[in-house]
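Have a look at the structure that comes next, please.
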Amino acid sequence: MFENIKDQFPIFKNKIKGKKLVYLDSANSSQKPQAVIDAVNNFYTNEFSNVGRGIYTLAVNASEKYETTRLNIKKFIGANSETEVVFTKNATESLNLVASCFGEKFINKDDEIILTELEHHANYVPWHFLRKKKGAVIKFLPIDHNGDLKIDELENLITSKTKIISVTHMSNVTGTINPLDQIISIAKKHNIPVCVDGTQGAAHLDVNFDQLGCDFYAFSGHKMYGPTGVGMLALKYKWLDEFGPFLGGGGMIDFVSKKDIAYARGVWKMEAGTMPTAEVVALNEAITFINNLGKQNIINHEHQLTQIALEKLKNNNAVKIVAHPKAQGGVFSFNIDEIHSHDVSTILDQEGVAVRGGHHCCQILHDVLSINSSVRVSFGVYNTSEDIEILCESIKKCQKIFKK
Amino acid sequence: MNTKDLYQDLILDHATNPKNKIKLNYYNKDTEGFNRLCGDSVHIFVHSKNNIIDDISFLGNGCAICIASTSVMTQALKGKSEKDAFTLINYFLDLMKKQNNDEHLKIDNVEYNALNAFKSIVNFPMRINCATLSWITAEATIRNKNKQINIEDYK
Amino acid sequence: MFENIKDQFPIFKNKIKGKKLVYLDSANSSQKPQAVIDAVNNFYTNEFSNVGRGIYTLAVNASEKYETTRLNIKKFIGANSETEVVFTKNATESLNLVASCFGEKFINKDDEIILTELEHHANYVPWHFLRKKKGAVIKFLPIDHNGDLKIDELENLITSKTKIISVTHMSNVTGTINPLDQIISIAKKHNIPVCVDGTQGAAHLDVNFDQLGCDFYAFSGHKMYGPTGVGMLALKYKWLDEFGPFLGGGGMIDFVSKKDIAYARGVWKMEAGTMPTAEVVALNEAITFINNLGKQNIINHEHQLTQIALEKLKNNNAVKIVAHPKAQGGVFSFNIDEIHSHDVSTILDQEGVAVRGGHHCCQILHDVLSINSSVRVSFGVYNTSEDIEILCESIKKCQKIFKK
Amino acid sequence: MNTKDLYQDLILDHATNPKNKIKLNYYNKDTEGFNRLCGDSVHIFVHSKNNIIDDISFLGNGCAICIASTSVMTQALKGKSEKDAFTLINYFLDLMKKQNNDEHLKIDNVEYNALNAFKSIVNFPMRINCATLSWITAEATIRNKNKQINIEDYK
């Protein structure tokens, strides 16, 4: 669908071990289009200044650009006027912010937090901290044999002690797209706030924060064709009032004296110290890039690639796809009989194919699936059906080596 | 855009010799306004009777723009009906948003010139809050709304 | 001393309001040399991958570069084999990490934390959190009329309840260089760990972590000619064992199950989620840049500029320097009689001179000095005596405008 | 550097048919070794008497490199004196650091070839831990040092 799009990504001009780069690790981090690279470059070359307090020209311009990205991120995720976007360093920090600030105020001993078996460690460890510190209880909504959440069981998990539900938009292992609508409407019935780990959603799925009605949506710039070093947390404004601060430092205070401190309000309360200025500024180009392609086109493109790949791999009996979710984004994982995922990854690399082996920060999910590790394939806008052919061929080479 | 456009004589006069910079002996409303970014702070005192602003004054600390704007504001609002005061406040705030809208405005030339002396601040975006702080604080005072105001909340 | 060095910083090719840029805000953030900009550019263009688990070529190279920076940072700050360097998002996060992890384990009700009146909010607010959460007590080592710490009073402040001392290497307002040797030797006598806020030290002062003998040294990449979005915390390795984790997520765990989590050891425990990969990689060039110039040359250069500036400004009776510390780095602050710092900053900007007005995140210091705000001048390697002349002329213009 | 250099027949043989992959009935030392990055894990069992490694075996889960290296290791160490075992372990670990140092090495050709089959791993830096995990774990087992080992601590 996106013809010649690889031309916009300079990395594809390079060879890997003399081969074309077939990059199938976008769920980990996406490659960067020239426009984003240029934006970083231009900011440092011509416009660099810290944002915030400066009144001189460079500082004013930098602050304006920084806030422009915030505005565009809001539009991008369909935020309404009661929604704010806080910049963090990555989705992990965004989720830690929610768990820490929410937990500090609203979680007491024996209170319950509902997660799912699909969660990335980033959406488990911060809640585990509350289990340790506060004596909270974590419950996991299970998945069925397809890798879909057993959504019918959610009602049963909820008790009067349930304080929050935190769930991923899309699994970074199985590609399962979770039925957020259903989850949020059940949660709302019980007045339970919902936090969504949108790290895999932001660049690959339809996101409408306002319509969804969730309370938090956490995501990362580097997985949406933007620079590393910047994450985001979209949240209903009221939580900024409810929450205490997260990190303390410059920029998040109103008054400081030796005796006491008054914190700033709004997003400022959560943005302590020098922010990833160049990163936020350049992120704006990533949003423009995605918007120009059109989210629906991206969804279609990646869906199509996934279908083609799954169809092709059916012909290879040794390849076992780990899950077959009903709604699936551009991610799937597999194992080859008798070959460990790390061996697969090493051998595929010799063919220029970049895939990752391991548990992909989802150890619980791998336990549930009774596998030790898996090889993950994840698509971005730059992938093509040719990439899939090379993948399938490389898998065969891999098998050949192991058959000697 | 030249610095002199911003620091006009009228502004510098008010900054160095602000009017009504004193705490009223009798007041029935007061609000403190604060600009976190600059550290500017103004405390507005109002004595109002039968919806007329009998008297208004301020104490405060801040840059030339902030002090001048506060001084001009107290002069402009003193003696006005609360309704006319709100119209004037809105006019000034609109001016700071580059939305020049002087229909329905019932002010004399002197007042008009005083307010419009601040017009070029729109070209210095980081300084706009310096000019609007006392106006926003005055509105809250007259409405008897908040005891404390943080200008960053008024975006 | 550094002839033609501005040529290495592309931003100086631009005009500000038709004037040459005179950048005197390096204490806030430094401009970036071409080599650093190119390194970011090159990494995204030719080599981008996330670090960590990847076994494919791009990931291996990225991980190697990431660790190379860590090694070079260690050398840069004179770390020995018992020292580690953790990457964070900025110095603020580094200081929050120390306060949070140290406080969690070692601070109880009525325990005492010693700071100084010179501290940036980044080295106060995180400790204030412990005051609120744990009922700790914060004591401030005062300064004298010169802006120097009253080091003689330190012994008196220390009690059996003193758990940690946290102090800045150099004040970002007065330029005061604190006698860390003395402070640390007093602290050691009492077995009290010392945290140093090295944010202003790293690029401008001599740093030898091993010799100093402090426990923590926090600093930021963007103030040492590096990219935004990356900070560092150097610390004695033993603290990594003592501390619990800070943020939770991918990469900082050993085992995860539904019931419990085992955390990784060493620096991994503290680096959760996708790190600022490109930023860390490019930071290496900033270190090389500084090393090539030579720290001692930088110190001399900036010292000289400060002396020239202070000498020149003596001739202007309306200019009041806020402090005259005995040992002073390339930073000082002043006020002009009857003119507010923000008006000064605005007017200087018209002359191309970038200085900051305000309290520079040091409200306590400004209270102690009985001033509301100040104008700060801070030097970097690219400043020249011509910059100082323009500054002095601009100050005069400022006075002329206010005299009408 | 070709994949076939890494996945040599000897390695694949040991990976698919590992030797001594069983839990000893009698052992007096054991250690679990773990590679966080890969998820590789090996549990080494040793029965040693009078400083001689009477018997050695393992259980574990991991990639071909890890399993093959463990299999080769158990074969090489079985029957050796503890002192000779340490020499051999050091030799192998040096090999993985590209420090080829076969002076003082008393091993036969078969063993030499088996160990050197892993030599090209140095060109696959992310896989070195896969090869060294069981050797480091074996050393700890023989020394009766740790019950659990995380290879990342051995850099």
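So that you can tell them apart, the chains are marked A, B, C and D in the order they are listed, and the count of residues begins at 1 in each.
Keep in mind that, in the parts below, contacts are C-beta pairs under 8 Å (C-beta built on N, C-alpha and C of every residue); 3 or more make two chains touch, one makes a residue touch a chain.
What you are looking at is a predicted structure, and each value in this text was computed from that prediction instead of being measured.
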By CA centroid distance, what chain is farthest from chain A?
B
Of A-B and A-D, the pair with more C-beta contacts is A-D
Whole-Å distance, chain A centre to chain B centre, using C-alpha means?
46
Could you put a whole-Å number on the gap between the CA centroids of chain B and chain C?
38
Chain B to chain D, mean C-alpha position gap in Å, rounds to 79
What are the residues of chain A that contact at least two other chains?
53-55, 59, 253, 342, 346, 357-358
Which residues belonging to chain D are in contact with no fewer than two other chains?
37, 124, 126-127
As the complex stands, chain C meets chain A at residues 10-11, 14, 16-17, 21, 25, 28-29, 31-32, 36-37, 40-41, 44-50, 53-59, 89-93, 95-96, 99, 120-122, 124-126, 128-129, 138, 140, 220, 222, 227-231, 245, 247-253, 255-258, 261, 272-279, 342, 345-346, 348-349, 353-358, 361, 363-364, 367
Touching residues of chain A toward chain D in the complex: what are they?
338-343, 346-347, 350, 357-359, 372-373, 401-402, 404
Listed in rising order, chain B residues that touch chain C in their complex are 2-4, 6-7, 9, 12, 16, 37-40, 61-65, 124, 126-127, 130
Of chain A, residues touching chain B in the complex
52-55, 59-60, 63-64, 253-254, 264-266, 268
Give every residue of chain D touching chain C within the complex, in rising order.
34, 36-37, 124-127, 150, 152-153
